[in-house]
Structure formats: structure tokens, C-alpha cells
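So that we are looking at the same thing, I have put the structure below in C-alpha cells.
In this document, chain identifiers A, B, C, D, E and F correspond to the written order of the chains, with residue numbering beginning at 1 in each.
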Amino acid sequence: MTIKAINVRNQLRGRIVEILTGPVLSEVDIETAGGIVTSVITTRSVTELNLQVGTEVLALIKATEVSIAKI
Amino acid sequence: MTIKAINVRNQLRGRIVEILTGPVLSEVDIETAGGIVTSVITTRSVTELNLQVGTEVLALIKATEVSIAKI
Amino acid sequence: MTIKAINVRNQLRGRIVEILTGPVLSEVDIETAGGIVTSVITTRSVTELNLQVGTEVLALIKATEVSIAKI
Amino acid sequence: MTIKAINVRNQLRGRIVEILTGPVLSEVDIETAGGIVTSVITTRSVTELNLQVGTEVLALIKATEVSIAKI
Amino acid sequence: MTIKAINVRNQLRGRIVEILTGPVLSEVDIETAGGIVTSVITTRSVTELNLQVGTEVLALIKATEVSIAKI
Amino acid sequence: MTIKAINVRNQLRGRIVEILTGPVLSEVDIETAGGIVTSVITTRSVTELNLQVGTEVLALIKATEVSIAKI
């Protein structure tokens, strides 16, 4: 089933630069135009999506999950 | 109380370009090097932090909140 | 840009049965095989995706967001 | 302390069909009327709630955590 | 259906001191031993649970949602 | 870069009483005035922030992540 569109407003395009694999969850580091974005997903998803260093992906972030800090 | 460091791995620097204010929650759009990042926070926080169009901020996103899509 | 696959493990297919629209966020109720699933997304996303009562959608839920209760 | 009611709108009833145990977090797969729902919770919670394959549970998901994709 | 136990590790007991009602979502402020805890839930849940100033409640927070800052 | 203020409304001060370290994620237990608060963050963050038993920290929780149960 192809997804035509998704409501997730934040979609940062990038390339995987590192994968740290654990028994249940894995950390996937993605190089984007805005810097490294780190994602934690299930190790099963890493395998099923066949994610590897170099794979081009979108990092998706729901707007309600974004906090703001003043600097 | 000043925060010296925070564990949130994803910190995208940017400038607020639009604020859509609701009675309880507001949408804050931030222009970053990786594109527009949209955040939804309480309207009280917008007021207390004195967020305005032009304010420089960090968008903070916990790694467990980042999903990955293959393109 | 078409999304070929997404890591989000929980994908519940259904049809929108009600939309409650607010100024910033909207509640979207989806009838699935497992019952009604309620989603809160930005009103802008509702408009951009042209979501309406009757639209067929996938409800996507990251595995780290699912809690478990014993009954 | 018994919980009489909870605001979490999405409560999917099901039976645990698999538990993948890690040192800190575990993946729990629940068979519901809408398909398999995957949850990631702390391994300590799995032990304290005595969750096992076959245990009947509710999968709880806050409405703000549900995204929508058009198909 | 009574919930016997829930995996959510963080359960802060308190009393509601303020409710700010919006068309879709509401802010509920809870006085706990650790200070005021603010929750944003759907306005429908506020109505269905009959939440009012003075109601005794538990604030529930999944461990994966808690960030840490050094001070 | 010092953070002057953050929109996260729930900031519970406490002291770390236990750290359970996994290969990717770790559980950090914090003693606060309201009881133990459990956080799950990346093991890399634990290392980079030099978190140890006894370290004084703030537990930060976004208001949209707080659910409410009636007791």
C-alpha cells in the first residue's frame, strides 16, 4: 500500500550516517541540511525497511512533539 | 534557573516566521536550515516566553519521537 | 514525493466518521476494525490533505507511544 | 489504587502474542480486532505487570500521538 | 471495564486547580506534591470524565516522554 | 549555547537515584518531591551529560504527553 500523503508536518530529508543496533530498539543518525537528526525506532523496522548507512530517508516529526527553547 | 545542558538530541536552530494563536494551543512555524519546522505548544508558553515573529529559538525533538520513511 | 515505506509499526486502516475543527488543532475520528480511533492533528493538515467524512485513511502510531493496561 | 477511568481515548483490546525482551525496553505485540499493535515499554513494567504471551490487555494511545496518512 | 494496572511508570497524584477549555483541546492544571503539572487533553475527555476544579486525579506520563536537563 | 528558557511546562526537580544502562537506551530514575520519576533517554545522552547517581536534574515533560486518570 503506497502512502500518498501524510499529515506529519515536519519532514526532514537526509541520508543515514550511522546505525547503532540494540536488541529491541536502534538509534539511526540522519544527516540533514539542518544538521544530524537522531531517531530511535525498533530494530525490526530497521531490518524490514532495510535501512543502512547511505540510505536516503525522511525524518518525520509530529508538530505536537516539537518543543521550543529561547536562546 | 538556567539550563546548562539537555538530553534532547535534536536541536534545530531557527527563527519564528509565523504564529497561529488558539485559545489553548498555538502553532509556531520556525525557519531552519532544513526547512520550516512546525511546533504546537500551549498559548500560555507563547506568552510567557514572549515568542514573536523574528524570535530566534531552538526546536527541540526527543529522538524517540522521530519516525523514518523510505523515499 | 511518494513515501514507499514507513517505520511506524502500527497502521490501522479506516474511514473518517467525524471531524471536529478548531482554530489550530482538529479532532479526527476514524472507524477501524478495532473500533473508533481518535487523532488530533493541525487544522492546516486537515485542509491540506483535504480530509473529509468518508475519506479512507491510515491511522499511524509509533510503537513507543503505546501504553499497556491490564484488565 | 484502582483506576476508574482514563482520558486516553484510544483503547484497543487484545491478547499478547509475542514479547521481545531487551535489557531496558521490551517490545510487546498485541493481537487486536484491527490487527497486530506493537508497544514498546520498559522491561521493568513487563515484569511488574507480569505480562506474558496470552495475557489480555488494553493498548492505550493518546489522541495527540496518532498521525494520519492518505492512501 | 476497570483497569487493574497500567505500565505507565510515572503516576503523580494531585487535585485539579484550573481548567482552560478550548473547542477541541483543554489545558488541565494539577497540583501535585512536586508542583503544578499541566496536561493537554481533548475537551471531550474533560466532559466525559467530568473533570472539574477540585477533582482528584493521577497525571500519567510514559517514561519515554521524559527528557532530562542538567542544572 | 545556553538555554535561557524552554516552553516545556512541566519541570520536576530531583536527584538521580538509579541508572539502568542498555546498549542504545537507558532508564534513569529521579527522586522528586512528587515521588520517583522514570525517564528513558539514549545511552549516548547519559554519557554526554555525564549523568550519574546523585546528579541534580530537571525532568522535563511536554504538556501534550500528560494523560489523566480518575481515581
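Going forward, contacts are C-beta pairs under 8 Å (C-beta built on N, C-alpha and C of every residue); 3 or more make two chains touch, one makes a residue touch a chain.
Chain-to-protein mapping (UniProt): A, B, C, D, E, F = TOBE domain protein.
Being a predicted model, the structure only gives us computed values, none of them experimental.
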Path length in the contact graph (subunit A (TOBE domain protein) to subunit C (TOBE domain protein), fewest steps): 1
Pair joined by the larger number of C-beta contacts - A-D, E-F: E-F
Copies subunit B (TOBE domain protein) and subunit F (TOBE domain protein) - rotation angle from C-alpha fit, nearest 5 degrees: 180
Contact-pair overlap exceeding half with B-E, pair selected from A-C, C-E or B-F: C-E
Distance from the mean Cα position of subunit D (TOBE domain protein) to that of subunit C (TOBE domain protein), given in whole angstrom: 18
Approximate Å spacing (C-alpha centroids) for the pair subunit B (TOBE domain protein), subunit C (TOBE domain protein): 23
Multi-partner residues of subunit B (TOBE domain protein) (each touching 2 or more other chains): 1-9, 22-23, 25, 27, 38, 40-42, 44-45, 49, 58, 60, 62-65, 67-71
All touching chain pairs, where touch follows the definition stated at the start: A-B, A-C, A-D, A-F, B-C, B-E, B-F, C-D, C-E, D-E, D-F, E-F
Residues of subunit F (TOBE domain protein) defined as touching subunit A (TOBE domain protein) within the complex: 1-8, 22-25, 42, 44, 60, 62, 64
Subunit A (TOBE domain protein) partner contacts - residues on subunit D (TOBE domain protein) that touch it in the complex: 20-23, 25-27, 38, 40, 64-65, 67-71
Contact footprint of subunit D (TOBE domain protein) on subunit C (TOBE domain protein) as seen in their complex: 3, 6, 8-13, 27-28, 30, 32-35, 37-41, 45, 49, 51, 55-71
